[in-house]
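Below you will find the structure I want to go over with you.
Chain IDs A, B, C and D follow the sequence of writing; residue 1 opens each chain.
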Amino acid sequence: MNLSVQLGGLTLKNPVMPASGCFGFGQEFSQFYDLNTLGAIVIKAATGEARFGNPTPRVAETSSGMLNAIGLQNPGVDQIIKQELPFLEQFDTPVIANVAGSSEEEYVIVAEKLSKASTVKALELNISCPNVKEGGIQFGTDPELAYQLTNKVKNVSSKPLFVKLSPNVTNIVSMAKAVEEAGADGLSMINTLTGMKIDLKTRKPLIANETGGLSGPAIKPIAIRMIHQVRQVSNIPIIGMGGITTSEDVLEFYWQGPTQ
Amino acid sequence: MNLSVQLGGLTLKNPVMPASGCFGFGQEFSQFYDLNTLGAIVIKAATGEARFGNPTPRVAETSSGMLNAIGLQNPGVDQIIKQELPFLEQFDTPVIANVAGSSEEEYVIVAEKLSKASTVKALELNISCPNVKEGGIQFGTDPELAYQLTNKVKNVSSKPLFVKLSPNVTNIVSMAKAVEEAGADGLSMINTLTGMKIDLKTRKPLIANETGGLSGPAIKPIAIRMIHQVRQVSNIPIIGMGGITTSEDVLEFYWQGPTQ
Amino acid sequence: MLRRPISIADYDKQINQLTIIYKVFGEGTDWLARQLPGGQINVLGPLGNGFDLSGIQGQTVIVIGGGVGVPPLYNLVKQLNSQFNDVTAILGYQSKVSIFYEKEFKDLTQTYIATDDGTYGYDGLVTDVIRELRFSYDHYFSCGPTGMLKAVQHQLSDIDGYISIEERMGCGVGACFACVCQADNDKGYVKICQDGPVFHAKEVTL
Amino acid sequence: MLRRPISIADYDKQINQLTIIYKVFGEGTDWLARQLPGGQINVLGPLGNGFDLSGIQGQTVIVIGGGVGVPPLYNLVKQLNSQFNDVTAILGYQSKVSIFYEKEFKDLTQTYIATDDGTYGYDGLVTDVIRELRFSYDHYFSCGPTGMLKAVQHQLSDIDGYISIEERMGCGVGACFACVCQADNDKGYVKICQDGPVFHAKEVTL
């Protein structure tokens, strides 16, 4: 059975790939299975400089889900290119690099550098991280800002560009349309929904950052709905995610018409 | 232990009440326990005329949650006052009536009629039902429309007015502020998040209405987050809901400062 | 997890035993099937109505079941027998492998089996069997997938009939309006969980 | 449900047996406690490091445990004994009722018990016991709540020490950056699940 898919110019062996941030830079999970079996590898968000991220606790369990507020911890784009990407060269699996930042300039610099790295086959523009004070999310909730940012990044990158949308919006369709018009080659849907958990002992938010991003099976119905809505108005590929844990889940996303 | 709470002018024995639509008009659950034990009873949405609601299937199970698209089925405000409210008079528990509609005029008429019913002690303005084509949700996602509607309803009603907010928005705080400025005596948070489930056999949405509202433990972290955010900027009472199933859940909401 | 609606297939008041028969279909029935003898499960019921057999005595009756609609008819046939009716059962299944309760029914009454794919018994639908038999009946009782009920309702429109219908449910007690069905009554609808699941065939529009 | 991080308290290579000791704290450990003999559970491990005892022979060693930090120290004391060290154990608990493994430790080595509320043994914290004893040690090993570790780290800052630290975890393998701790190394942090949970007391900033 041929499971290969076309994804905005890339050909993938199969439509299965890890979501950014859940897979580090690939080293850890390579001890558990052969990364060649994946359709693509999406690495953790890169920013212009190294970031330490948020204080701990950074994760909390919820019903059929979890909250995380890692806060984009990463060694910075230069270190990622130098120290992390070489390991991934050995696999016959395209690498998609997740691009983050606090300002338009930072996004553009990070995207430009990553798009020049030969191991990187596509970019995923993370305009939807809810876990850092400045950066990310405002680009993901305002179609105008999202359009501008996508446009600027597209101009400096020769590689296919996926834009990762935030579900924390009133109108997902207008966000999708804006970034498509700005030149996005595809969409990644969805990032996490902003949530909170209270520690019953302290009566305070359990996560040090107070809010965190909700992921897991709990949010799958929301992901499916948003992808369905966007699919009615757009034909560019969609990388679907949000609570995928079983093969049935894969099919539920697949039959929406997205790619993954 | 005195569990009584003040709720926008009402005094409740305790802060526990069912959410609108999950409790019909009280008759059914009165067979299972004494409705006098509740802090308040929130009845199903009333519209100007009788509505049959959406085609079936109307509900679907999801991980730690469910989708519903009942579509505001109800016998209409006049019938509710005549046929349903008399049953609730026997209980020493205040009734909060949920008000819905497709147009400003309809909301105003329904609110006016219900506020004159002696059994009704407060109104809950449902500007957040995601399950009917026209009506409800646009008022719940646009602060300007929400302000106007709340204001008009407040003018025709002498009873405390709670406005039920939709979580399907980018900025819950601006919605809360708008309705508070318009005169809301309190807020109900949250209504359901719009979601979808695919039937793996037909490859089509399982719910006849395609989308449905996601409720249950899955959405609790989102409810807690939104209540927390609104609590920072507003002091009016909040009726909290969204996935409350255990006493621990009650406390998690309670310690946000809302009333319920 | 939401509760699952399951019919009472049989009961024995002497030994306080209630029998349910179900098909492992998804997560809920899978969980149920993994429960061990001696274990406890949380049940809300009995809810709704059952087949009303008052006055149905010494008549000719046809009982039509499809798939998991078969079990609730078992106790019905027992009761019809005890009221001296002449009962014919017609049971439809997808395929030979999905047949169950054949012997139990045959021990009770004259029973015809049909399979969609013709791998056992009559090759076709229960409505085909009814057409071939060309008997005349005073009453019919049916339980099965909505498509089958609709066909039976149409085919036997001139006979007094009762059907048990299925719908996805929320509360099971009539409070949430998840399980409504259009009906020819003053409200225009019935709630299957509370008013049903058994209705007069003329009352509901499938 | 997310996986729960639990230390290996003891193991026996001959009979392929691994012992874990845990406190029923919330949903996950409650589930674990309800599993039956003969059942199977899904385990990912062993992950991370353990206490490194190479070269620690014939020395004086103090072992400090608090609450559920006690179990992982059991096998450690066994190993320290087998390497001819002179071991003192100081175990802190909230109250008399929460004490466990006292006898097991006393069978192995000289053991002091402290309780926060003074209902058993020494009335106070493990750091109070250490202060009273006024012995001198070559090394210390500690496992317990972060507050205790911090106090011990401070009190015994001039002794070569190793601490095992706790944090809420996501992946358990180093991929998600949930469990980082600030550290005095070139990256500025360690991942507890992958680089730890045991660190040299001088390396990490609690």
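In this text, a residue touches a chain if its C-beta (ideal position, glycine included) is under 8 Å from a C-beta of that chain, and two chains touch if they have at least 3 such contacts.
A quick note: this is a predicted structure, and the numbers were derived from the prediction, not measured.
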**Complete:** Any chain touching subunit B and subunit D at once appears in the list A
**Message:** So, comparing C-alpha centroids, which chain is the farthest one from subunit A?
**Reply:** C
**Prompt:** What is the distance, in whole Å, between the centres of subunit A and subunit C, each centre taken as the mean of its C-alpha atoms?
**Reply:** 49
**Complete:** subunit C to subunit D, mean C-alpha position gap in Å, rounds to 61
**Prompt:** subunit A to subunit D: how many Å between their CA centres?
**Reply:** 37
**Complete:** Between the Cα centroids of subunit A and subunit B the separation in whole angstrom comes to 34
**Complete:** So subunit C residues touching two or more other chains come to none
**Overlap residues in subunit B, where contacts from two or more other chains coincide** = none
**Prompt:** Touch graph across the chains, line, ring, star, complete or other?
**Reply:** line
**Request:** If two chains touch, include that pair; go through all of them.
**Result:** A-B, A-D, B-C
**Fill in**
Seen from subunit C, its contact residues with subunit B in the complex are 1-2, 27, 167-171, 173-182, 187-189, 194
**Item:** subunit A residues within the subunit B interface of the complex
**Value:** 62-65, 67, 141, 168-171, 193-198, 200, 203, 205, 210-212, 214, 216-222, 224-225, 228, 243, 248, 251-252, 255-256
**Item:** subunit C partner contacts - residues on subunit B that touch it in the complex
**Value:** 21-24, 27-29, 31-32, 44, 52-53, 56-61, 66, 68, 70, 73, 75
